[in-house]
Amino acid sequence: DSARRVSGSAKRTLNAQGRPNILQVGMRQSPWQDLYYLMLTIPWVWFFVLTVLMYVGTNGCFAIVYLIGGNNLTNAQPGSFWDAFFFSVQTMATIGYGAIAPSNFYANVVVSVEAMLGLLGVAVVTGLTFARLARPTARVLFSRVAVIAPYNGVPTLMFRTANRRGNQILEARLWLSLVRDEVTEEGYTMRRFYDLKLSREHTPVFSLTWTAMHPIDADSPLYGMTSDELSRDNTEIVVSLMGIDETVAQTIHARYSYIIREVLWNHRFRDIFVDTLDSKRAIDFTRFHDTFEIEF
Amino acid sequence: DSARRVSGSAKRTLNAQGRPNILQVGMRQSPWQDLYYLMLTIPWVWFFVLTVLMYVGTNGCFAIVYLIGGNNLTNAQPGSFWDAFFFSVQTMATIGYGAIAPSNFYANVVVSVEAMLGLLGVAVVTGLTFARLARPTARVLFSRVAVIAPYNGVPTLMFRTANRRGNQILEARLWLSLVRDEVTEEGYTMRRFYDLKLSREHTPVFSLTWTAMHPIDADSPLYGMTSDELSRDNTEIVVSLMGIDETVAQTIHARYSYIIREVLWNHRFRDIFVDTLDSKRAIDFTRFHDTFEIEF
Amino acid sequence: DSARRVSGSAKRTLNAQGRPNILQVGMRQSPWQDLYYLMLTIPWVWFFVLTVLMYVGTNGCFAIVYLIGGNNLTNAQPGSFWDAFFFSVQTMATIGYGAIAPSNFYANVVVSVEAMLGLLGVAVVTGLTFARLARPTARVLFSRVAVIAPYNGVPTLMFRTANRRGNQILEARLWLSLVRDEVTEEGYTMRRFYDLKLSREHTPVFSLTWTAMHPIDADSPLYGMTSDELSRDNTEIVVSLMGIDETVAQTIHARYSYIIREVLWNHRFRDIFVDTLDSKRAIDFTRFHDTFEIEF
Amino acid sequence: DSARRVSGSAKRTLNAQGRPNILQVGMRQSPWQDLYYLMLTIPWVWFFVLTVLMYVGTNGCFAIVYLIGGNNLTNAQPGSFWDAFFFSVQTMATIGYGAIAPSNFYANVVVSVEAMLGLLGVAVVTGLTFARLARPTARVLFSRVAVIAPYNGVPTLMFRTANRRGNQILEARLWLSLVRDEVTEEGYTMRRFYDLKLSREHTPVFSLTWTAMHPIDADSPLYGMTSDELSRDNTEIVVSLMGIDETVAQTIHARYSYIIREVLWNHRFRDIFVDTLDSKRAIDFTRFHDTFEIEF
């Protein structure tokens, strides 16, 4: 039974970081083909290390090519790797002090090749650096728990989201799904998705907080179910938010998942809107995840 | 009672600049994490000041590093900060006159580091400069007041918008909401949103002006309400416009809010379409906010 | 009566190039604020002329600044404008031959300023150049006339569009509107839009041609109307196409307008699909605008 | 009859690579106007060859211009093409060693022109290089066959798709169409599209696999049809998938087409979800295209 509970937790569709909780086997991986995607998504420290390695490596290669051609750089010590290396740096970065300069046809050809490759390479690396910076990312906060409480008499599933950036998310849209294991008439087990209707699923501008509400009426797959019944089928409630970030005018996305033990029956969220002393409205985010039990 | 009116005005959801009128308390601010967003949104003068400070600061640091290594620059006065500083400028900007040049291993290594950081740094700063220029912004004008007047016999809420750019806004869409304070059956006060249906909410191309019309029929939350009743619940009418800017092919957005005292009962907008002397059509924007009272 | 016809043609909402046919009066123009938009949309020849003027002008200004500082450039003829000008070019473009080089503090400071402004300026101009190239533009062809012919027994308005680029337009969507002058019960004349329903308004992929069809059934504003009745109210049929260009992954848009005399009653388009000798399908675009009269 | 079958196969709307299977005749091709599109879509090897040719060609032209002006480069051998060529390379790439430098007005003017053109040209080429890298491409796998099998008692058309990238496709949407030849009442043959309704056509996040299901109920154009009847009209089932790539935040698209002989009646896909030894879920892509016959 303990193993079952562990397996149940392992079957959660999204992990805590919102990534799929499933391995891939037998998919032909082609990291080289997807190098651009890789360079966009590796951590900054790896990106920087790779950039330095490429910079040093390429200049090292060109230094060797200059040395192979013999004594062909003015003012460079014949056969000196470092003189050739630093000359290569000055050429690739298009500094060109001229203290060391190509002195024959061979060196000039290599310089011409290095200049072209250098310009393209610098464009790609600096383009990648900026593309990484400019990648739109959502900083959306979801309440750690969802609650079920009556709203105008109807039991309603509620959770809160907040835009942690100071800016606005345009044309924001929320999707709420219930995922559970099911067995078809033909005897096949499948993990199926059911949409949970929200009383408000779209907002033209989402700038502060949004309390999503799903009324558990006769149409809801949650209607009349107990916490125990839901736990049995590895039920999970998956939230997905999409909108356009106002600052960068690009689509952003966030998602979250509540397992059944994170849904609190007969709880309500604490109010986060407070009035300041000078009678302005304020939002107190320290209470964002706070709930309290209600009595009937 | 005067305090109440002030508080009512303070509870307006959007302020005059269309930003939320609410403070945030207890949200962990992380300006460094959102540095990119910050650099995109600070005023130009601050952006320029920061760029100059970074340019001077970085070159100052490299100048000190060159000086620490001792007498290592050809033609530079030994120990001269300014010779080292200007050499650094010529290196980082990849000018490299060569009048001053690195003369030993130490200086060459520093040059190699500075060249790489310089290329990346210049890419980020110039990328930011261009991204700031290219950020899509809406220049949409809303009439300062909304009016209510009969249209084909039905009382209709109307306001005008205009695209102040000469270009076209594609797939433009308007949302109109009524926001007011409400108390649920369970006794909780909430600020709720109601959609106000527009007789035309979408247009494939929005290039000049658009008069939005909400018929106040039996389905409208405004049906049968007086100006006084609306004022009581801090009612506000929020407009939101979204579309794709034809010139830059990116999503733009504009919003506006009318409080009840900005909605004029039994008024009509003055016509802005005029015929010029050579019988061409023209729009006279000097009349854009003008209304006149109508009689029955 | 001839004047009326001229006025009717002047009231066409879109002109032949698909731009609005209306002047703007009294709108405060702010060309400087919208300089970016201007630089994106002026013709290439003007863009190039402006770039050259700015390049020559800026270098001319810096040349004067160098001259003002007196004899401060090594190897430059004292007081020579052109030596200072060419030195400025070599600095701004970060070439820095070093044949001419700054020889004192004043010149070095000016070089530092010019290097920074040069890098930013080059970034903006080259960014603009690329943004102009990369602006997504639709190359969509509309048939010069629309026709009305029975389709499965129902009279149907049809016109043809074709994607003139070799690529694909994704999630393409067509809107068809009828625009005509109308007088409200209250006596105001307005130009109103009516949507004309298409039998297929969306296609996941639009790569070759698309024949749009609007069935003139009882729900259509065109139902039972004659060509003469339509002409009376300056009626016009406006088409708008939007989709995502597969190659550049950006939204593109095209529009066209048919006045009533461009709608041919009881005509049909010639077939453009032909079978080649090796029994492959081909499209013959030379017949794209061709129609023929049908008999009953 | 064999010819008919060949022609039937030739009439497939999309070929194996998902491109339209139709030639274009009489469309005025304008490769120069669409040069930007061309440079984005030609293979990398051609792009690289063109870049090298342009680089060598432009520098060659400038070399000739320098030579025409006579003896105007310091340290260059008078009349030497290669000295002028390498000087041009050092100028265009803004290296500027200064070993060779312009020595008179003529050369300085040419340098100024080359510097400006060089900066713009490098911006365009490096911009193109990065734009090619950054073009969003879908790596979506479709099962090689579709199957028809009962699902909860209803015969259901199914096929599988998988996102071969490790990332997520946001707001993914599937369209399924049936395309077949038809003759209208008026006697015209047309290739018509019918939408096939999917039991789930949208998913907020598509990260691993998606089994699309079209229930063949009374509303389906496939209802009650046999494989033979479908083959007669060159019937084809076209799939189209669109969504937003999470990594690059741009719209991506994939499509596939099943001809009738690729639809397997009374088959089912093999399960690809497996449990690993440490009771984690995994997907085994080696079974992705595998089906097995079912019995009743």
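We just call them A, B, C and D in the order they show up, numbering each chain from 1.
We adopt the following convention: a residue touches a chain if its C-beta (ideal position, glycine included) is under 8 Å from a C-beta of that chain, and two chains touch if they have at least 3 such contacts.
The model shown is predicted, which means the values in this text are computed figures rather than measured ones.
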Chain copies touching (subunit B, subunit C) - same or different residues, decided at half shared: different
Relative orientation of copies subunit C and subunit D, as a Cα rotation angle in degrees, nearest 5: 90
Selected interface, A-D versus A-C, where C-beta contact pairs are more numerous: A-D
Where subunit A and subunit D are represented by their mean Cα positions, the distance between them in whole Å: 25
Whole-Å separation of chain centres (CA-atom averages), subunit A against subunit C: 35
Junction residues of subunit A - those touching two or more other chains: 90, 94-98, 122, 127
Subunit B-facing residues of subunit D, complex: 94-98
Subunit C partner contacts - residues on subunit D that touch it in the complex: 3, 6-7, 10-11, 20-27, 34, 36-37, 40-41, 74, 90-91, 94-98, 101-102, 105, 108, 111-112, 115-116, 118-120, 122-124, 127, 131, 135-136, 175, 177, 184-186, 188, 193, 240, 242, 250-253, 255
Subunit D to subunit A touching residues, read off their complex: 51-52, 55, 59, 82, 86, 89-90, 93-99, 122, 125-127, 129-130, 133-134, 139, 150-153, 162, 164-168, 170-171, 200, 203-205, 207-208, 244, 246-249, 271, 273-274, 276, 279-287
